[in-house]
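First the structure, in the form of C-alpha cells, and then the observations on it.
In this document, chain identifiers A, B, C, D, E and F correspond to the written order of the chains, with residue numbering beginning at 1 in each.
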Amino acid sequence: MVTSYITRTASFSAAHRLHSTHLTEEENAAIYGKCNNPHFHGHNYKVEITVKGKIDPITGMVMNMVDLKACIELAVMDPLDHRNLDIDVEFFKSVPSTVENLAVFIWNNINHHFQKDHAGKSNTAKLYKVKIYETEHNSVEYFGEDDDVIN
Amino acid sequence: MVTSYITRTASFSAAHRLHSTHLTEEENAAIYGKCNNPHFHGHNYKVEITVKGKIDPITGMVMNMVDLKACIELAVMDPLDHRNLDIDVEFFKSVPSTVENLAVFIWNNINHHFQKDHAGKSNTAKLYKVKIYETEHNSVEYFGEDDDVIN
Amino acid sequence: MVTSYITRTASFSAAHRLHSTHLTEEENAAIYGKCNNPHFHGHNYKVEITVKGKIDPITGMVMNMVDLKACIELAVMDPLDHRNLDIDVEFFKSVPSTVENLAVFIWNNINHHFQKDHAGKSNTAKLYKVKIYETEHNSVEYFGEDDDVIN
Amino acid sequence: MVTSYITRTASFSAAHRLHSTHLTEEENAAIYGKCNNPHFHGHNYKVEITVKGKIDPITGMVMNMVDLKACIELAVMDPLDHRNLDIDVEFFKSVPSTVENLAVFIWNNINHHFQKDHAGKSNTAKLYKVKIYETEHNSVEYFGEDDDVIN
Amino acid sequence: MVTSYITRTASFSAAHRLHSTHLTEEENAAIYGKCNNPHFHGHNYKVEITVKGKIDPITGMVMNMVDLKACIELAVMDPLDHRNLDIDVEFFKSVPSTVENLAVFIWNNINHHFQKDHAGKSNTAKLYKVKIYETEHNSVEYFGEDDDVIN
Amino acid sequence: MVTSYITRTASFSAAHRLHSTHLTEEENAAIYGKCNNPHFHGHNYKVEITVKGKIDPITGMVMNMVDLKACIELAVMDPLDHRNLDIDVEFFKSVPSTVENLAVFIWNNINHHFQKDHAGKSNTAKLYKVKIYETEHNSVEYFGEDDDVIN
C-alpha cells in the first residue's frame, strides 16, 4: 500500500501577549519586547495540519478531508478563534503563548479529538505535523517530538 | 506630465474587539457576535497606502518610496503595531475599531504626517487610497470621501 | 458621513467548458482552443464582492460582514460550488461560461439576494464591484455597467 | 559533494468527480458528498516537483531547471491540463481521482519521463517529492513510499 | 452591451539600478540610496495588464485571453525578461528605470502591439491599466494619464 | 523536552547571471540560456531560515525570533540585498551564482554568525534548513548535507 501525507489548512484570529510567570517584569520586558504589551496584541494564525497514512484502495483517501476539517473545527477553531489565548485558554495560564507552545497545544488537542472521533474510520491515519504561521514572516513546525513522553 | 499611483505595503499585529458605546450589551452581542468577546481577539492587519502624483522628470518618481516608508512607520506602525486598538489608541475610545474606522484613522494620520514631513518634497503627491486587509477574506478601501468635511 | 468600500472574498470549485451556441464546432475550437474540450475542465474560482456605502456612526460598519458572507453563500456558493457551470446553472445554457459572463451572473445574483434579504438593514450599502480570478493569471472585474439596462 | 533539493512549480486546470467503482451509489454519495456530483466540478491544481541530488561542481546545479520544466510539461501539463481526469486519463478509470491518487499518477509519470529523457544528464538527481494543492486549503505530499513495490 | 475589465498577469526577472543623468553622483547616491549601486541589483517584476471593453455577445469575451497573452509576450516578456533594463532597453538610457517609468514603457509598448496586432479583432477593447509589483511591498499603477499627450 | 522547528522569512533583491569559469562561452550559453546574459538579470529572492531546537520551559521559545531576525540581517541582508551577487560577493567569483550555491553560501554565513553571536543564548538551537525561492516557480532547500565536510 501507498503512504501519503495530506494537509488541511485553517485560520483563526486571536489576541495574546508573551509573558512568563517564571520571569520578573524586567526580564519579561527584556526578552519579549513589544510582544510583552500588557494590553495584548493579536494575529491571524494560519494552521496546517498534516496527517500521514496509507491510501485506502477503495476510497483513494488517507482520511476523509471532511472528517479532518471537522476535527480542526473542534480542536482548533472552537477553542482559539476570536479568543484571548492567555485568558480564554486554560493551557496558557501556566506556559507562555509563544507560537512554539501553541503548536504543542494544537498537536495535543488534534490528537485528543482524532483518537476519540475518528477511531475505526482509518487504521493507518496519524497526525504527522502541526505548522503555524504567526505572521507571514514567522512560523513553527511541530512533529510531536517530546523527550518527556514515554512513547 | 505623467500621473502615476504608487503603493507601499506594511503589516502590523494588534488586538481589538468590536463594541459600540452607543449600544446596549445585548445589542453589541447581537451585532458583533464573537468579535464582541470582552477579552479581545486580534489580527495581522495588512495596509496598502496609495499616493497619486506626477512623475518627476528628473528623478522618475512620484515620491521617494523611502519617504513613504518612513511616513508609514510614523503614522501606522508606531501607533498600531503590537497594540490594543481599543485601549492604546485614543481615536477608538469613542468609535468602534471596525476595519472601516481603522482606515479612516490611518487616512487622517498619514495625511497629518504627510503634510508635516513631506512639505516641499513634492508639489503633486497626494494620499489617494488606504486599503486594509483585516483577514485574507475581509478588506476595506477608503478614498477620503467624507460628506462632513468641507474640502 | 464617510463613504467606504468593503470587500469579502470566497472561493468555489466548478467545471465548465467554453462553447458558444452561436458558433460552429470549427469556430468554437478555433476561438476557445483547449478550453473547448467537450469533457470539460475546471477551476478554483476566487470571488471578491465589493460593497460601497456610508459608515454607520453607531456600528462603525458599511454593512455587517456576517450579512455579506451569508449573501455570498446564497448567491455564489450554493448555485456554483462543486457544480458544472454549463449543465447545472440555467444562465449558462444560453451564454458561454466565460469569466466575463460569470461576473455578470454573480452581479445579478448578489443584487437579487441583496435587495431581498438586506432591505432595511442599510440605507446606503450597494453592490459596487464583482471581481473573479479564474486562475492566478486571469481575472475579470464588473461594475454593473450595462448599456442595455435602463437605469 | 553537496546534496540539495530543487523544486519547480506548475499549475493546471482540470475537471473531475470523486467516485469509486468499488462502492454503491449510496456509499459514493455518503463518502464523497458534493464532490460526487455526476456532472463534475474542477480545480486549478498547483503541483510542486522536488528533485534531490548532488550539486554539480562545474554547473552549480542539481539538474537544469529547463530540463525539469520540460519534463513537467510532458508528464503533468500535456496529460492533465484542461482535461477531465476521469474521462481523459486512463489511470483514473480504475481508481478514484482523489488528490492522493493524482500525486501517485504524477510521481509515476514524472519518473517515467525522468528515466527516459534525462538519462545520462545527471548521475545523482532523483525525484524526491510530489506535492499537489487541490485548493488553497487541501494538499497532499507523496514521497514514493509504496509497500507493494519491490524496491 | 456590458462593459467588463479583464486582467492578465505575467512575471519577468530583470536587473537595473536607479540613476538619473540629470543629477550629480552625490545627488544620485542621496536620492536613490542602495538602489544606486553601480553594479546593479534586480527584481522579479509582476505585471498586471487590464483591458476594458464590451463583452461580445457571441463569444462572451472582451478580448481573447490567448491574444492578450501573446501581446504581453511581445510587449513585456521579449524586451524585459532576463534583461538589464538600463543597458538592454533603449527607453531607459534617457530616463531612470524607476517602477513608475517602467509602467509608462510597458503601457506604450502594449498599446503599440495592441493597435498593430489586434486591429479588427475587437472594436471596443482598450488598454485600461498597467500595474507593476517591483517587490511584494512596492507597486505602481498607470492609467495612461499624460498631460503632455494631445489625446 | 519538546523539539520544535522555527522559521523566519526575509527577502532581498539582487542582480546576477549564470556563468561558470569551468566552461567555454558556447557551453555557458548552451547550459544557462537567457540566464547567461552578460549584462545580468535579477530577482527578489525570498529566504526561509529554519532552526531546530528544544523549547525552553521558561521562555517557551526555541530561540528568540528577534535574535534570529538580527542574525539574518547580518548573514543575508547585509551582504546580498541590492547587490550584484557575481561582482559584490567574493564567494561567487569561483562558483556560479545558482540558487543551489546561494543556499550553501547562506547556510555557511548563517552558521558563522550563529556560532559567533548566539553562543550561550541557547544550548540546543541549530540551523536546520535554508530554503530560497528564486522566483515563484523555482526554489531550493539545503540541509547542510555535504560529503566533503568531516562532521
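Operating definition for what follows: a residue touches a chain if its C-beta (ideal position, glycine included) is under 8 Å from a C-beta of that chain, and two chains touch if they have at least 3 such contacts.
What you see is a predicted model; the values in this text were computed from it and never measured.
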**OP:** Return the chains common to the contact lists of chain C and chain D.
**Re:** none
Subject >> From the options A-D, A-B or C-D, the pair that copies D-F, where over half of the contact pairs coincide >> reply: A-D
Original post:
Per the centroid of Cα atoms for each chain, what is the distance between chain A and chain E, given in Å?
Top reply: 43
Original post:
Between chain E and chain F, what is the separation of their C-alpha centroids in Å?
Top reply: 31
**OP:** Could you put a whole-Å number on the gap between the CA centroids of chain A and chain F?
**Re:** 28
Original post:
Where does chain A touch two or more other chains at once, residue-wise?
Top reply: 136
Original post:
Classify the inter-chain contact topology: is it line, ring, star, complete, or other?
Top reply: other
**OP:** Could you run through all the chain pairs that touch each other?
**Re:** A-B, A-D, A-F, B-C, B-E, C-D, C-E, D-F, E-F
Original post:
Can you list the chain F residues touching chain A in their complex?
Top reply: 1-10, 50, 54-55, 57-62, 64-66
**OP:** Would you tell me which residues of chain B are touching chain A in their complex?
**Re:** 11, 13-16, 34-35, 37, 39-44, 81-84, 87-88, 135-136
Original post:
Across the complex, what residues on chain F touch chain D?
Top reply: 18, 20, 22-23, 31, 33, 95-101, 103-104, 136-143, 145-148
